[in-house]
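Paired with chain B in one complex and with chain C in the other, chain A is shared by the two complexes that follow.
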Partner chain A sequence: MRPEHLPTLPRPLHPGAWWVWAVALAAAASRTTNPVPLLLVLAVTGFVVAARRTRAPWARAYVAFLKLSLLVIVVRILFQSLLSAGAQGPTVLVTLPSVPMPASSGLKLGGVVSLEAVLRATYEGLQLATILCCVGAANALGSARRLLRHVPGALYEIGVACVIALTFAPQLVTDAARVREAHRLRGQDRTGLGALRRLAMPVLEGALERSVDLAAAMDARGYGRTTDARRSSRRLTAVLVFAGLLAVCVGVYGLLAAAGWWLGTPVLVAGLVAVGLGVHVGGRRTGRSRYRPDPWALPEWLVAGSGVLAAAAVFVDVHVSPADFFLASVTDVPPVPVLAVAGILVALLPAVAAPPPPAPTGRPPRSRPPVTPAAGAPGREEVAA
Partner chain B sequence: MSPALPHRLPGRTGPRLLLVVALVGALLSLAGTAHAATGYRYWNYFHVKNGAYQFATTGPSGYVPKDGSVEAYRYGLSSGTQGLHPRTAASTYTVADICKGTTAGSGQKRVGVLIDYGTKADAASGQTPPAPRAACAVVATSANGQQVLDQVARLRVQKQLICGIDGYPVSGCSVTVKDAPAAPAGKSVDFALPAASGSSGSSSTSGSSAPASGGGGLAWPLVGVAAAVVVLGGGGLLLARRRRDA
Partner chain C sequence: MISLDRVGVTYADEPAPALSGVDLAVPEGELVLVVGRTGSGKSTLLRTLNGLVPHFSGGTLHGRVVVDGRDTRTHRPRDLADVVGYVGQDPLAGFVTDTVEEELAYGMESLGLPPDVMRKRVEETLDLLGLAEVRDRAVADLSGGQQQRVAIGSVLTTHPRLLVLDEPTSALDPLAAEEVLATLQRLVHDLGMTVVLAEHRLERVVQYADRVVLLPGGSGPVVGGAPADVLRNSPVAPPVVELGRVAGWDPLPLSVRDARRLAGPLRERLATAPAPPARPGAGPVVARAERVVASYGRFPALAGVSVDLSGGEVVALMGRNGAGKSTLLKTLVGLKRPSSGRVEVDGLDPAGLRPSRLLRHVGMVPQVPADLLYASSVARECEQADRDTGVAAGTTLELFGRLSPDVPLDRHPRDLSEGQRLTLALSVVLAARPPLLLLDEPTRGLDYTAKHRLVEILRDLAGQGHAVLVATHDVELVAEVAARVLVLAQGELVADGPTTDVVVSSPAFAPQVAKVLAPQRWLTPTEVALALADEPVTP
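Coming up: the complex of A and B.
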């Protein structure tokens, strides 16, 4: 057995596997407003993130997304219970002092707050919150930057551009902080439009300088060369990808607008096939090697598979017994869909099946990039897609 | 990030752009012609006025029924402009019939509610509709139509729409149906009246799909899931703290 098949060998897991796992869980959460499976998905993602996150700066994304989702729930409850007249049910919790509003608006300010409205807002908010946390888990576990290394060859240039943008975005913040600090030391005021102008110019200038530096560095390393630059193949790629994407758009429109059977699925499938062909043809012309490619080994299969299995269990269960997933009344005790719960618990597998992240060795974490423009070019690892 | 310098603009952008615009336009116009009469399978909502059904122009939450009025709901496929009437004449059941033996206190009102779950043909997914029933709601005078209905039935509400009454239909909300057939002239059926003294008739509904929430044994799965959530959450916190200290 090759070493990368062992789940105990410390290495970063393929980010695609994490994204498949998280998106599958989000899809499962999108199928129900029953708080039982939703809370379980939340707990599972939180546990796996706690067990397998790295020390990289983006690994803190989960907590940020968790806070955001709490905010979503609270805002929803406030709006529905305090402002919506229509959402109230018969079980009155409290009656607040109210401000009269025109009856036709359907709005109210204060007044009766009912248990039904609060519960309904909580459950609907919980669904959105769970989906948000799944995205947060994917961000925390699989770096978007590493994922961009796996864009197909035809989209290579776009991938490189995205990687560079992602690398430089934090640097802009650092730059802005540095310039503001300089202004403060000189005793200039730091508010108002004038200050913004004085801030924007040096930041933009620094960014431009750095991108010219980076372009020169990449040029020197051989980026931008095309191995097969025949006009016909390039044109074929462009036509295929563009027509395919257009067909995908029309197909999705056809599916959503229910405008004739022929406009929906067939056009969508044709578009996807065209895009796939275009990406394949375009990928042939770039003969680039990958720098330290992420393997797709047994742990990747296990992680992605556990997520897909959980989603499949929820989808099947929704089909078999839909009453367990849509509460007939918000005040009901939520039922426990056994198959879905078992499936979601399977999604805990990555907490042990994914290899532990490699321990930081020697090199300090790159959370604070150097501020001098000349040293700002990203490391080879980030750009080598 | 940096201002894009147009140093390698392709030469013949004009004709290509025109071609693209023409292509998109042609496809969109094709899509536009393919519309047909669409119907919606949902809970039609009526007020009973002068012995006739009046298709509501607002949702139940936007209307405050008067004391002694009757509201009617019918599940089925309708065009959305006419509505699908309950399978009984509007004058058959009056408040006096529905609310016999029920009295309203001060600051309260009595509103009769007719709920017709429709026929098997109306059902979206092979679910058997319960028998139609009538119920008497005794609510505060200011209560709107949705609160009246909430008093006598279990409501599934999504995005401010009433999607299910007493768990029927189990899932889905306002299904759009292409080329909706005209509603057949249905036979009149009897509505089950509430027991004389009870003010809510929700116990008579066919709750086959609903969980028996009273049984102590049935709560165990819920306790198990709650325990799992607590263990996972606590374990996650513990792991995170240990990693931070390490």
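Coming up: the complex of A and C.
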């Protein structure tokens, strides 16, 4: 057995596996407003992130997404209970002072707040929150940048552009902060359009200069050197990909609009095939090689599979007993859909099946626990005074 | 290895050529240093070596550049990637990926090398450059010296025969610069690589060079040869060479070690000479910081710093990167509010002032002077500064004219040289005549001429009663201009005293002249020259 099949060998898991797992869980969450499976999905993502996240900066994404989801729930409750007249039920919690609104608008300001409205808002907010947390888990476990390394060869240029954009965005923010400080140094009290122009000019000029530097560096390091520049193959790729994407759009429209059986699935499939061919032809013309590609081994299959299995269980259960997933009365105790719950629990598997992330600097593990370094700069030689 | 045959470069829309009539042949295994003033075409010359000029930059190339048998006329930069490794001025701007290991592999991926070769070379390069500890760190989080080494490593993995570096140590503090130079030494001596580099800070590199190429700028001929010969008459020279010229040594010393061996008689002559005159200082106190504490999150930047700054005094603020220099400047100008302690400038709290009032009490030129500038021409920038500060029209322009004469007023601030841009930012800040002036790393990218000009300007300002605080790594600037030196380490003030007391005994902060003449307390070649001139002539 190759060593990468072992779930105990510390190595970063293929980011694609994490994204499949997380997107499958998000898809499962999108099929229900029942809080039981939703909370379970939330707990599963949290547990797996806690067990398998690295110490990289992006691993903090999950907490950020969790905070965002709490905000989503709160906003949802506020809007639905205070503004919506239609969502109110018979169980009145509290009656607030209200402002009269035209009846035809379906809106209200203040007035009756009912338990039903609050609960429904909570459940619907929870659904969105769960989906957000799944995305957060994917970001925390498999960095989006690492995922971009796996774009097919034909789309390599687009992948590079995305990676550079991801680097430049934070750089622009730091530049803007620096230039704003400089405004203070020049005695700018005003804020407004003039100030914005004064902010934009140096920031954009700086970004432009950096782009030119980057382009020079990439050229000097051989970017684009091995690309087979034959126009015929490039054109073939472009035509295939473009026509394929067009066909996919038409096919999806056909499926959704039920415009006729021939406009749906067949066109969609033909489009997908064309895109696949285009990517394949394009991939052949680049002569690039890839440094240390992430292997796709047994742990990757297990992680991706557990997510897909969870989604499948939920989808099947929704088909069999839809009443368990879309509650008729929100005030009742929510039912527990057994098949879905069992499926979601399977998605816990990555907490043990995914290999543990390697230690940050490739030092060999020590027998005793490492001493945590003191915060702040390393105490190198003190300045001789 | 390299042969340049009557090479000239003319950029589009420029009347004069950037480079003309350069003949140069560099054999394998040499370390060639390209020197010259700003704008003399150093970068252009370096960029012709891998074809970035003219393929990337545009313009016209005359003559012929052949590197390892490949003519750059027919080879684009990417076709030379396996022969020439080119590292630009700002290493961070050239990084394509985000972690050290991937950055090292990037060039090889572009060349399509097989995975096992890449794997092996990455490991070798990590060891060669001492980067194994940081192999999976993000490049943006590394220190300046480490970033520069990653940039060098990222071009080394394609196994080029020639390494070209544009100002590799200009932005680094002395210790980080030594790291990088030690690496280059190793590449030249152990691996026999050919290295061509341009650098303003000659005192750091000239002792390692096998050959110096002097670009005089304008239409003068390019001079190449052994370092001691070229520097004898060069307009740019490190302090140790200037000291050699003053003392009349032959051959000229290039390193502190060489000079120290020759310096015995000079020290004897200087022992009886009067000590250099004390530098002006200690007018009324203009700014005061008392037990200032400031932090960014959990990172303590300043831990109880107390400092008085007086009018008429130039004070240097030193310390390694991250020691709190910039934070101290920011608290003095009110950009950062201290979490405890008190800051007072002109009797006022700078953090509580509106920017338009602040300007009259304290001015600061940030590390990137261009941040202060946003108009489309020098003249407009000055008009805007007059309006912002509410001074009579033309004040700023007149000030700029005095600091930096002969600059066309319709020039865009971005097209000025580093030195001119610095003086423009300085004029803008000085228009309101603030009693306290702060400068953050002003000598970054300045050549010796521009630096001498800056020294004169700072002395004048102190003479007019301004208090000037300069945060810098540049020990030679400190030796020239500062009356007092503050040293920060880990947010604490570890030294505060007259320049000679602080720097003479310090291994990191002593200027070259002090190292040569220690234990005597001379700091600059000019001081020594004056002392020798005053000496009674003995037969």
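Here is the rule we go by: the second predicted complex is superposed on the first by the 353 of 385 C-alpha atoms of A that agree within 3 Å, B and C clash if a C-alpha of one lies under 4 Å from a C-alpha of the other, contacts with A are read in each partner's own complex, and residues count from 1 in each chain.
Assume a residue touches a chain if its C-beta (ideal position, glycine included) is under 8 Å from a C-beta of that chain, and two chains touch if they have at least 3 such contacts.
All values reported here derive from a predicted model rather than from experimental measurement.
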Exercise. Could you say whether A:217 touches chain B, chain C, both of them, or neither, answering first, second, both or neither?
Key: second
Quiz item: Is A:71 in contact with chain B, with chain C, with both, or with neither (first, second, both, neither)?
Solution: neither
Quiz item: Which partner does A:332 reach: the first (chain B), the second (chain C), both, or neither?
Solution: first
Quiz item: In the superposed arrangement, does A:345 touch chain B (first), chain C (second), both or neither?
Solution: first
Quiz item: Touch check for A:188: first (chain B), second (chain C), both, or neither?
Solution: second
Quiz item: Where does A:196 make contact in the superposed view: on chain B (first), on chain C (second), on both, or on neither?
Solution: neither
Self-check item: Which superposed partner A:163 touches (first chain B, second chain C, both, neither)
Solution: second
Quiz item: Can A:173 be said to touch chain B (first), chain C (second), both, or neither?
Solution: neither
Quiz item: Of the partners chain B and chain C, which touch A:291 in the superposed model: first, second, both, neither?
Solution: second
Quiz prompt | chain B residues touching chain A - in the complex, by the definition given at the top | solution = 1-3, 20, 23-24, 27, 30-32, 34-35, 38, 59, 61-62, 64, 139, 143-144, 146-147, 150-151, 154-158, 160, 164, 166-167, 170-171, 176, 178, 209-211, 213, 219, 221-222, 224-225, 228-229, 232-233, 235-237, 239-240, 243
Exercise. Using the touch rule from the top, collect the residues of chain C that touch chain A in their complex.
Key: 50, 52, 55-56, 76-82, 84, 86, 88-90, 93-98, 101-102, 105-115, 118-119, 122, 132-138, 140, 154-155, 158, 298-300, 319-320, 322-323, 330, 333-335, 354-356, 358-359, 363-364, 366, 368, 370-374, 385, 388-389, 414, 428-429, 432, 487, 489-490, 494-495, 502, 505-509
Practice problem: Give every residue of chain A touching chain B within the complex, in rising order. | Solution: 33, 36, 39-40, 42-44, 46-47, 49-51, 53, 84-90, 103-104, 106, 116, 120, 124, 165, 168, 207-208, 211-212, 242, 246, 250, 253-254, 257-260, 263, 318, 322-323, 325-330, 332-336, 338, 341, 345, 348
Quiz prompt | Residue ranges of chain A touching chain C (in the complex, touch as defined) | solution = 56-57, 145, 149, 160, 163-164, 167, 178-179, 181-189, 197-198, 201-202, 205-206, 210, 213-226, 287-293, 358, 360-362, 375-377, 379-380, 382-385
